[in-house]
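These notes open a run of structures that come right after.
Two complexes come next, and they have one chain in common, chain A, joined by chain B in the first and chain C in the second.
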Partner chain A sequence: MDLTILSTWIAAFLTLAILSFLYKDNPVYKFAEHLYVGVSAAYWMVYYYNNAIVPNLIDRLVRDHRWLYIIPGILGLLIFTRLIPRVVWLSRWALAFYIGMGVGVVIPATVQAMLVAQLRATLVPIWTGNVGASIVNILVVVGVLSVLVYFFFSREHKGALGGVARLGIYFLMISFGASFGYTVMARISLLIGRFQFLFYDWLHLR
Partner chain B sequence: MEYGTAQEPRQKQGILERLTAIDRRIIFVIIGVVVAVPVLYPITLPVLVSPPVQDLYDAIDELPPGSVIIMAIDFDPTSEPELYPAYLAIARHVFSKGLRVVALGYIAPGIPIGERALQIAAEEYDKEYGVDYVNLGYKTGMTVALLMMGKEIWDPYPRDHYDTSVEELPLMHEVHRLDDVALAVDFAHGVSPDYWIAYAGARFGLRVGLCATGVMTSQYYPYYDSGQLFGLLGGLKGSSEYEALIGAPGSATAGMTAQSLAHLVIMAFIIVANISYFIVRRRSPGA
Partner chain C sequence: MRKTVPLTIVFASGIFMLAVFFVPHRRVQDTSQVLLEWDLVVWTCALFLSGLNLFIVNAKKVRRKERDWGYKVVLLVAFLTTLVTGLAWGVRAGTPFMFIYESMMRPLQATMFALLAFFISSAAYRAFRARTREAALLLAAGLIVMLGRIPIGDMIWHRIPVITDWIMSYPNMAAQRGILMGASLGAIATALRMLVGVERGYFGGEG
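After this line comes the complex of A and B, so read on.
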């Protein structure tokens, strides 16, 4: 039997099993859900071993004889001491190294890319000579300032401060609305993808 | 509670109340039918190209032949309907322009999906693996990998997806660091664009474009506005726009009829539900 046909039928069954939850929770859905969790766990374990540990550690040691990789290897193994209460403190060495390195690497890059560059993009001229572009710039400036005011909690949001904070809420709501609109689009896209699979690949209706 | 003397207002109120408490399964069935019918009988709707997608296309289109671009496969099967069409469309565009591709990714199950798109496009344009494109495969530790790529790509990627040494791949002899790459496009369904922007973009000055799932798209508009992303393609709609730009309608274009109809129905639901809610609330003060 062609394995493609078999895998298509299994995928179609599992798709319908998952979609059956839309009617109500049922044993077929539960079966598909548990199967998904179990298969995913096994898949990721094997995949990470073969695509992370083997090329990044075992190959470097055994094939390339790069012995410095013993150090990260030992640090990685130390994480497993969390399973042994008597020496659990050893795992903190690995975590300390990981957190220290991570913070050192992440903070400068994040400040540069997420803070400085975004701040620079906010410092725009309110009048550009073009009405449309000017309106956009005004919206950017007013939006950023009013949302920042909304998140300023050291004074009660009353009077002018309250008014600006309320304007900030409107900007946030519009932002959430845009995100929700895109989310709806994304979810419908996934449904379309599943229907295309069921109708085209499984039932060959086109 | 009295709602007037006529029978008609009482019936209307009943309908409105039922609308505000409609069984969600009825909505699911309606959405299912609205999506299923156009998938079975697609009608091609006109596609209007938005500026962020046009910018993405233009940046790739303006590159001189032979330039190398990175196409990062940072999505998995859960986002395949949205991002696979974009990957295939851009691969076709890239190969049609005589550009070369280095594919890689930080989400393991996505690699075969991107590989499939590259193989289809390469076959159409008679491109050869190792010379015109390579797939460096999955790598864990994205931050470290990107930082190492700024200095020597061969270090984090000594072997490709097929376990071939990069020394044996002619294309890789011209690609040692991110400076050797004209631009990168990240096809993402998670936080990977943050890393591309922060490390490849801000730190090493690589131009970064983004093809994102619909859920993520609005979150990355500020980076497009600030110029940190040279282009932005969002979800199935963005994919259909790119298919229109290269003149090769595919699964994204086919799906847009269903997408548009589903959106119209959802909008109708929202409007009707809100009107019903406000009318019922006005008729039942204190409820």
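After this line comes the complex of A and C, so read on.
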């Protein structure tokens, strides 16, 4: 049997197995669900073995003879002491390295990309000479400030502060609604993709 | 050894990576690249630990013949088969590993996410009752964006896609920007607390 045909049939069976959950939880769905967990866990392990361990550890040690790379190898092995209660504290050394690196990378990256860049994009002229563009700029500035006020919990949201915070909630609700709509449409397009696979690739109903 | 060493490692590696941002010297930049490679190795080992843990937990359930143990056998067989094929034959096109990816992982992943469309819609039906002004705004924005992304929206009124783009570009962006700024301030504060050893959650509650 041609492997492509076999692959299509397996994929079609698994697609229908997952969709069967729409009726109710059933053994076929559970089978597909557990298969998915097993396959995806191993997939990402193999993926990172090939893309992280081989080039950044094995090649460095075996091919390039850079013996300093024994350190990440040891730190990596220390992670597995998590499974041995008597020496579990050793895993903290590896975690500490990972966390320290993360902290050092996150602080400047966050300040630069999320704080300064967003602030710069918000600090726009209120009056641009064009009514439409000015209204949009005012809307963005008011929106950002009111949302920030809503997240300011050091004072009770009463009076003027409460009014601005309420405006922030309205902006947040519009944003959540828009994000929701966007997510639903993304999921629907995935669903259309699955039905296209079933009708076109599997059943050849073209 | 149990507390001082990890706190020192966090502080030293964190301060060095912070300094890298301000020191463009080639040797400092090269060292930071080496450390980032080490970091990826440690992260990947943590991922391997989670895979190993998944195997151990489910193997125990099979051995004790706990409820639904038959499905755990499916999980373990799928896990081991994918792992062995990936390590033995590699990940190039045409290998058994890629066959498993194409015929199992890809359709399962796409259908799982597609399934969420139904559950999000049914959750929305319950949550989106326009009882308050806030809920009405949420409902209106959601409906307009959904209609704006499909041809029928344009057929109902040709301005719906334009309004959708306007909502996404201005009120939505303003709120997202506010959320991003708030989240970034929180992330920076937490990172600083970790750097100086105030936040020790990674000790597993023994710090």
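Throughout what follows, the second predicted complex is superposed on the first by the 206 of 206 C-alpha atoms of A that agree within 3 Å, B and C clash if a C-alpha of one lies under 4 Å from a C-alpha of the other, contacts with A are read in each partner's own complex, and residues count from 1 in each chain.
Operating definition for what follows: a residue touches a chain if its C-beta (ideal position, glycine included) is under 8 Å from a C-beta of that chain, and two chains touch if they have at least 3 such contacts.
Everything numeric in this text was worked out from a predicted model, so none of it was measured.
When the two complexes are overlaid on their common chain A, residue A:Arg120 makes contact with chain B while staying clear of chain C.
Contacts of A:Gln196 after superposition: chain B is touched, whereas chain C is not reached. In the superposed model, A:Asn130 makes contact with neither chain B nor chain C.
Touch criterion met: A:Tyr23 reaches chain B, while chain C stays clear of it. In the superposition on chain A, the chain among chain B and chain C reaching more residues of chain A is C. In the superposition on chain A, A:Phe80 makes contact with chain C only, not with chain B. By the touch criterion defined above, A:Arg206 reaches chain B but does not reach chain C. Using the contact criterion defined above for the overlaid structures, shared-chain residue A:Met45 touches chain C, although it does not reach chain B. Counting contacts as defined above, chain A residues 22, 43-44, 47-48, 52, 56, 102, 105-106, 110, 114, 118, 121, 140, 175, 178-179, 181-185, 188, 190-191, 193-194 meet chain B in one complex and chain C in the other.
For chain B in complex with chain A, the touching residues are 25, 28, 31-32, 35-36, 39-40, 78, 80-82, 108-109, 137-138, 140-141, 143-144, 147, 158-159, 194, 197-199, 201-203, 213-219, 222-223, 225-228, 234-237, 251, 254-255, 258-259, 262-263, 266. Across the complex, chain B is touched by residues 22-23, 43-44, 47-48, 51-52, 55-56, 64, 102, 105-106, 109-110, 112-114, 117-118, 120-121, 140, 175, 178-179, 181-186, 188-196, 199, 205-206 of chain A. If you check the complex, the residues on chain C that touch chain A are 1-2, 5-7, 9-18, 20-21, 34-54, 56, 68, 71-72, 74-83, 86-87, 90-91, 97, 99-118, 120-121, 124, 133-135, 137-146, 149-150, 167-168, 170-185, 187-188, 191-192, 194-195, 202-204, 206. Chain A contributes residues 3, 6-8, 10-12, 14-15, 18-19, 21-22, 30-50, 52-53, 56-57, 60, 68-69, 71-73, 75-77, 79-80, 82-83, 88-89, 92-108, 110-111, 114-115, 118-119, 121-122, 136, 139-148, 150-151, 168-185, 187-188, 190-191, 193-194, 197 to its touches with chain C in the complex.
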